[in-house]
Amino acid sequence: MKKKAAIPEHDYLRTHKRFPSVWCPGCGIGTVLGAIIRAVQALNLSKDEVALLSGIGCTGRMPVYVDFNTMHTTHGRALAFATGLKLARPDMEIIVVMGDGDALAIGGNHFIHAARRNVELTAIVVNNRIYGMTGGQVSPTTPTGERGLTAPFGQIEQAFDIARMAEAAGASFVARSTTYHAMELDRLIARGIEKRGFSVIEVLTQCPVSYGELNQAGDAVEMLKWFRDNTTPVGDRAAPGKIPRGVLVDRELPGYVETYQKLIASARKRARA
Amino acid sequence: MKKKAAIPEHDYLRTHKRFPSVWCPGCGIGTVLGAIIRAVQALNLSKDEVALLSGIGCTGRMPVYVDFNTMHTTHGRALAFATGLKLARPDMEIIVVMGDGDALAIGGNHFIHAARRNVELTAIVVNNRIYGMTGGQVSPTTPTGERGLTAPFGQIEQAFDIARMAEAAGASFVARSTTYHAMELDRLIARGIEKRGFSVIEVLTQCPVSYGELNQAGDAVEMLKWFRDNTTPVGDRAAPGKIPRGVLVDRELPGYVETYQKLIASARKRARA
Amino acid sequence: MSDPLVPRHGQPKARLMQGNVAIAEGALAAGLGFFAAYPITPANEIATVLSRALPRRGGVFIQMEDEIASLSAVIGASFGRLKAATATSGPGFSLMQESIGYAAAVEIPCVIIDVQRAGPSTGMPGAPAQGDVMQARWGTHGDHPIIVLSPSYVREAYELTIHAFNLSEEYRTPVILLTDEVLGRMSERVELPLPQVQVQQRHHPEVPPEWYFPFDNEAGDVPPLISFGHGYRYHVTGLYHDKAGFPTGRKDEIDDWQDRLFRKIDNNVERIARIEMEEMDDAEAAIVAYGSTARGARHAMKEARQQGKAVGLVRLVTLWPFHYAAMASIGRSVRRLIVAEMNRGQMLGEVERAVKGEAQVVGVNRTDGEMISPSQLLEALE
Amino acid sequence: MSDPLVPRHGQPKARLMQGNVAIAEGALAAGLGFFAAYPITPANEIATVLSRALPRRGGVFIQMEDEIASLSAVIGASFGRLKAATATSGPGFSLMQESIGYAAAVEIPCVIIDVQRAGPSTGMPGAPAQGDVMQARWGTHGDHPIIVLSPSYVREAYELTIHAFNLSEEYRTPVILLTDEVLGRMSERVELPLPQVQVQQRHHPEVPPEWYFPFDNEAGDVPPLISFGHGYRYHVTGLYHDKAGFPTGRKDEIDDWQDRLFRKIDNNVERIARIEMEEMDDAEAAIVAYGSTARGARHAMKEARQQGKAVGLVRLVTLWPFHYAAMASIGRSVRRLIVAEMNRGQMLGEVERAVKGEAQVVGVNRTDGEMISPSQLLEALE
Amino acid sequence: MAVHRGNGRARKARSALLDEEPDKVVLYHDWCKRCGICVAFCPRKALTTDEAGYPQLSASSQCNSCGLCEVLCPDFAVTVPARRRPARSRAKTKKQT
Amino acid sequence: MAVHRGNGRARKARSALLDEEPDKVVLYHDWCKRCGICVAFCPRKALTTDEAGYPQLSASSQCNSCGLCEVLCPDFAVTVPARRRPARSRAKTKKQT
Amino acid sequence: MKNKRWEVRLVGQGGQGLGLAGTVLAEAAIEDGNNAVINHFFGAQKRGGPSQADVIISTDEIDYPKVLQPDVLVIFSEEAFEECHQHLPEHGLVVVDTSHVRRALGGFPLVTAVPLSKLSEEATGSSLSANIVALGLVAERTKMVSRRALSQALRKLSPAGGLHANQTALKRGMEIAESLRTGGGGSGFGV
Amino acid sequence: MKNKRWEVRLVGQGGQGLGLAGTVLAEAAIEDGNNAVINHFFGAQKRGGPSQADVIISTDEIDYPKVLQPDVLVIFSEEAFEECHQHLPEHGLVVVDTSHVRRALGGFPLVTAVPLSKLSEEATGSSLSANIVALGLVAERTKMVSRRALSQALRKLSPAGGLHANQTALKRGMEIAESLRTGGGGSGFGV
């Protein structure tokens, strides 16, 4: 796999023995990985200065494939690990990729607290609206009425609006896109990385197997078409029922690590005085 | 303590050996308890049909004093215990009282998920903006800049807006008041109990010891004056900088238990068919 | 939903059943009314079955936001009078530890199913292990008693699930059903349901509310428990508490409570701890095993017997409380004990402790996600 | 913040110091750069001191949203090259169990301080206990090795905290400092800081990135560890992994890794396990104790000696790994071992296991939130 | 003034002796923690603090039984027997669950 | 058509033989999982599915190197060498932390 | 059936219905009044990854629930063949689906080469019943389950609308077994 | 000082400065080159609840860190007296602050009754230094710490602006001790 020029993404992949990936045919997680790589490239970041952390799930398997500093943590806690790492290494760009269950079920608390502290991390939620890895149980983002292994009669709970939660909790930057909009996705991720403070990018992603099969949503192609047809750029008033894509929140709030460094500086000054 | 007529709240108290309470002089938690009792009285609920659950903290000590079905659970998890109890006993009114740390630090995830499911519980957050029981560490609601045992140079994190979080997560009813406004508080709690779905009542409460002393906020009387002077009814445009009090969210959303009961009915019908 | 569900039984029929399904069916047979869990391999099938079956019976299935919430909800539901359970595997079991201690301290009946997978940490989610045996005993902080059962066969998974619910009511205690990936995911022939199911209902108080103390020693070591909302208003706390359930710092009250808490299990080890022995009368060596490992052990024992070797089998059905006295006498009756476990030697320590050097105690262990094979055991028996 | 902080030492001076403060000071002396915790009695003073001291030294103190997040952040920071620690008590320690297993599995140095309080569950937050001893060994799912130290004196709390950091780097493992409410909250005379502090820095690889495997057996049982961002890009996972850190299902790779994981501790029990013996030469009975209980034991031993009784003291400074061989030979040298613990008999089981009936082993226990008094021990020595 | 304590019976505070309508406000010294809230916020300045720090109804004629002292007291140590209870004793509108 | 597999080297798919500009799109059969996404969404209908289910560039002249197939492929199994990379290779604006 | 423990292993890829085939076999054994155990394994990849169904049938109790040494091994895919061709059992029946395993089997004298998928396609119009063809073949060759029990289990477990095709496939498999027996066993059937 | 272990217990209510008094005593012992341990306990209630400071001073190592049988017990409040009057130590010095403990002490012949708070108020204008009055009394009576060490510790630990009052209180306490010694010990000082 040394044909480097051909596909620049390959430069970033751990091609040796790791491919093809464990993901099912048509699974969109790999598409998100591609977008992350392109964002990193676009920002001219070196592989050494990037860390990619994940929790547990199909999404959690992502870091293994890419040649950054990578860590597959525990289920739901990736943002807490990342907070520690970022405080130790403020110079590194830390991207945290999580499934919807990982980020918002078991990990919901770390999600809102990372947002509240506005830690300078880029959190990417691969929202396939299901627990892929464990076979298709409903997640906190499964739309009401949809089926899952644990909702044979249809989900009776409301779904979280990830973006609203992130905003209410205090994130600096919140965006949404889909795997169909892969070309816009890498730009949003790049903006998230660039943003001071906590950035959240929700990516609607097809899980043709665990979600698709239980919900007769068709194969990967059908699911991508659904993303294409049911989302629209933010502010598009012509399509009121559709899911908005793009930057939903972008505001200036002090980042945690930056503030902490100021605290260190002033505490030291005071200690000397 | 049998002079029942004199103070009807006493009827509801476990007067025997339990008083005076463990709370510090001037601590506002008892005032919240009084408001809860008045709300229960106003709704003519019997003691048997009310359960009062709490997590751990000074606030967590509340249930011991009142003659309902009472449970002092673990730190942060009271809403999860309450969800199980409510599903087993839909006929009971379940009130869950939590400190700000209990509800929003360690318990933040259960809080947003109870709101998302819109479980028919009444959650009262006694927000003294500090960890009272453990001596005054900062909590997720400690205002930026304020001091705590663990923020000797002042809190550098943003505070959660409890009401916004509850709303973003899906609660049916959200209100805010203070211990100074004890007469309005009982009415808000009563409305919360009456509401189908998840109700949140945030009560700004004085902790003259752990919070007050670390922040030179004065004694209980001073802190109550602050609540009086720095809050205003919702919608009061004349006082823009002040904290709004009153009902912040009141909307019709299906309650979890109600929906579950419908699910049972239809699953049974289907099973018979 | 507030009444306990009636137990389920019926005409037995030979069928192929998966171990996890047998646990779900056993729970329904015992009258399960509430199940809260968080998905995890290899326990998922239990939730899948119950999410469909429970609402049909008027019971409640809820997928919670994590394992901590799951067990917390289970405890809440049990105070609401439903028979309640959760199921998980290692990582989730670790997260439940605080709540397990709470359940033990407030003496609330409930059943926790741990379908063990290879660990530590994420380990190998699809591979079996028996690495949570000591954790099941000691995983939560502070001393507490616990009952842990471990089935070896699918039919036994069904029966022990019922038994777990019964013990939890009889002794007012959380009971852990510790099974493993092999048994959880294999299917085998069973004849089920049982035509008759013995179900232990909760001991309710016979006294009026004024005389009721939910943690009282007077009424015996297992005080009756009435659930919330029945006119017996009381307090529940994880703090050290007096007989009424109120927090206490009085040494005498603390001792009364703690002594009873342990006494109710320790004094009944004989009744609770099931050990099955086979071919032990003349055995010179015995294999000690439990869970799915005991199946390989039985296979090996039979083969050894065919080869004319005096080998017996000691199968631990109850892991905790551990029956030290019984194991000591087993130790005195043989020359050698082979303790076979899919871990690095957990029960081995207890056997050694019980046997006090009277027999040679040897561990046969593996933790690479594979079962211990009969030939591995035969080798150890050489 | 990214460089490890320099260890702190200075002119010793007699002063009154609280046990928890000594732990915080010891951590700073060892070069602590990151501390994340969630408040809990009776560990709070550690955080209070560090929240002020760390930023002054350029280090990081962060109060996380819970204990799970605290230990997770600690692990993250340690991968970022800072010496990192957290502190808690029973309920928080229970919640940390999943992350402890992760730390052990990925072999990341860190220190976890558990100031034990009376349990189970919420128990008695302001009262001491030693109920988490077995939990410290077995609290997480799956087999894993661990090092656990237990100080008895305030000065020792300081020194063992430094030692805990050193061991964690030397063996690439989480180390638990298991102390208790008595020692945590009492103050006593110490002469600190130490004029000289021995600090173990992380073993960094000497090979170029292409040849670096963070979980390799070749480089010895403790492979060097380079932190993130230094050009050695590798993968970390709690799944069973190969020498490069990638998930594996290959039995040989799993065995290589697991065997090494245990070997690095098991082969060094002699070096890691500190046992202090006093008056044991001619002792007919000995008290085995650790933590603050060992102070009462020493008091009792001295009093017994004054009464002319041949009593010795065995103080366990390291609780895990347990030195079975040493305890066995102690067992052979005396007639009677009194194991004194503020729990219902946890180390008692290990002593029994080691001693194999060669000496009489008796537990002296209490769990009502009071220390075991010298007179209680003298009585047991009758 | 002696500290009231111990036997758990509600007593009239000494203030009762000072004024003509002492029962308008009943103070339970056993439970009172002398925080001063009732005194500070009585809209009619009917309460004052005695030398031991306990509240006393020193101007009962001023008191209009508004009940504020009762609801603000965190320790259930004040009662205003004539306080108007909220009208809302209508039958419970139970959640339809 | 034979299944390509095994040796980990990128190969031109058979499609390369079908057309005049085969290198416009490079397909890595080793990694391809035959999900059909690239074929379905090629805006120019330049890709089709071969009998084994793999994509092939059957109308290379149609292809305008838009790169959509590359970015949509979840398995890094398609490359469009001439794809215009985003202009944005400006120096990294690093977070000031 | 004599007192015997049969071990059957079916290996291939996800989607080839090996779980179903194994379950049918196990159910048939139960129908016959025998004991049966089935284990079905997947890899980490949910779709398109390896799949393996192990069935144990015995007149006696089945204690050890894993295959010790398969009496019957059916290989449905090239990937699976690559995986296990180095340790094929030396006794017993090894069937390779030559519709998928394209490599020359000359070096494997003990292998019974049968184009299962092709036969399925010919018989039922779809290669999806290759699993059932194999079942017929194995059952008929080994007699580990009775015909009656097998067809009963097939009826019970076939998906709605799929029964007929499965029955045809089963019959075809039995015929093949017959022809192997008469025509002489061993390698090289219809490749 | 001879080889001796002194145990001192101060009991009263939160806010009476018992922790400070105990710490001053312990620091003084360290100043003298001896060992010292201090334990300070509160009840569950943070303010207005019981407070207790236990100090152990020894020329030897201090192993058991809790008070076994106090040599000195000072009782600062009525609540504390109620709590412990039934098991007052029979040997050693028991001081009761009669400014707070109003009950008649006739039944307690071994008690030294001293109006500590009143003395403090008289000497310093505030009752807040009763703790230090007690310290002076105890130190002078027992000689467990030297005067020099005590005043040094007091200087080190007194809050800003509080040193002078504390010094005055200490002196007053010592005088009282003196007068007790000369005037004959036992109960009934200036009540």
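Note that the chains are named A, B, C, D, E, F, G and H in the order they appear, and that numbering of residues resets to 1 at the start of each chain.
Everything below uses one rule, namely that a contact is a pair of C-beta atoms (placed from the backbone, for glycine too) under 8 Å apart; a residue touches a chain by one contact, two chains touch by 3 or more.
Everything numeric here is computed off the predicted structure, so don't read it as measured data.
For subunit E, the chain with the farthest CA centroid is G. With respect to subunit A, maximal separation of chain centres occurs for H (centres as means of Cα atoms). Averaged Cα coordinates give subunit B a centre that lies 25 Å from the centre of subunit E. Between subunit D and subunit G the centroid-to-centroid distance comes to 55 Å (mean Cα coordinates, whole Å).
The geometric centre of subunit A is 33 Å away from that of subunit B, both derived from CA atoms. Separation between the centroids of subunit E and subunit H, computed from CA atoms only, is 39 Å. Residues of subunit D in contact with two or more other chains: 52, 55, 65-66, 68, 91, 98, 102, 121-122, 237-239, 247, 249.
In subunit A, the residues touching two or more other chains are 23-25, 72, 74, 86, 90-91, 105-106, 108-109, 113, 135, 140, 153, 260-261, 263, 267. The residues of subunit E that reach two or more other chains are 33, listed in rising order. The touching residues of subunit B, when paired with subunit D in their complex, are 56, 72, 74-76, 101, 105-106, 108, 131, 133-135, 137-138, 140, 149-153.
Residue ranges on subunit D touching subunit A, taken from their complex, read 1-2, 33-34, 36, 52, 55-56, 58, 60, 62, 64-66, 68-70, 72-82, 84, 98-99, 102, 227-231, 233-239, 246-247.
Only residues 14, 17-18, 47-49, 51, 53, 63-64, 67-74, 77, 80-92, 109-110, 113, 260-261, 263-264, 267-268, 270-271 of subunit A touch subunit D when the two sit together in their complex. The residues of subunit C lying in touch with subunit G in their complex are 14-16, 126, 182, 185-189, 292, 295-296, 298-300, 302, 371, 373-375. Across the interface of their complex, subunit B is touched by residues 8-10, 26, 30-37, 40-41, 67-68, 70-76, 79, 81, 85-86, 88-97 of subunit E.
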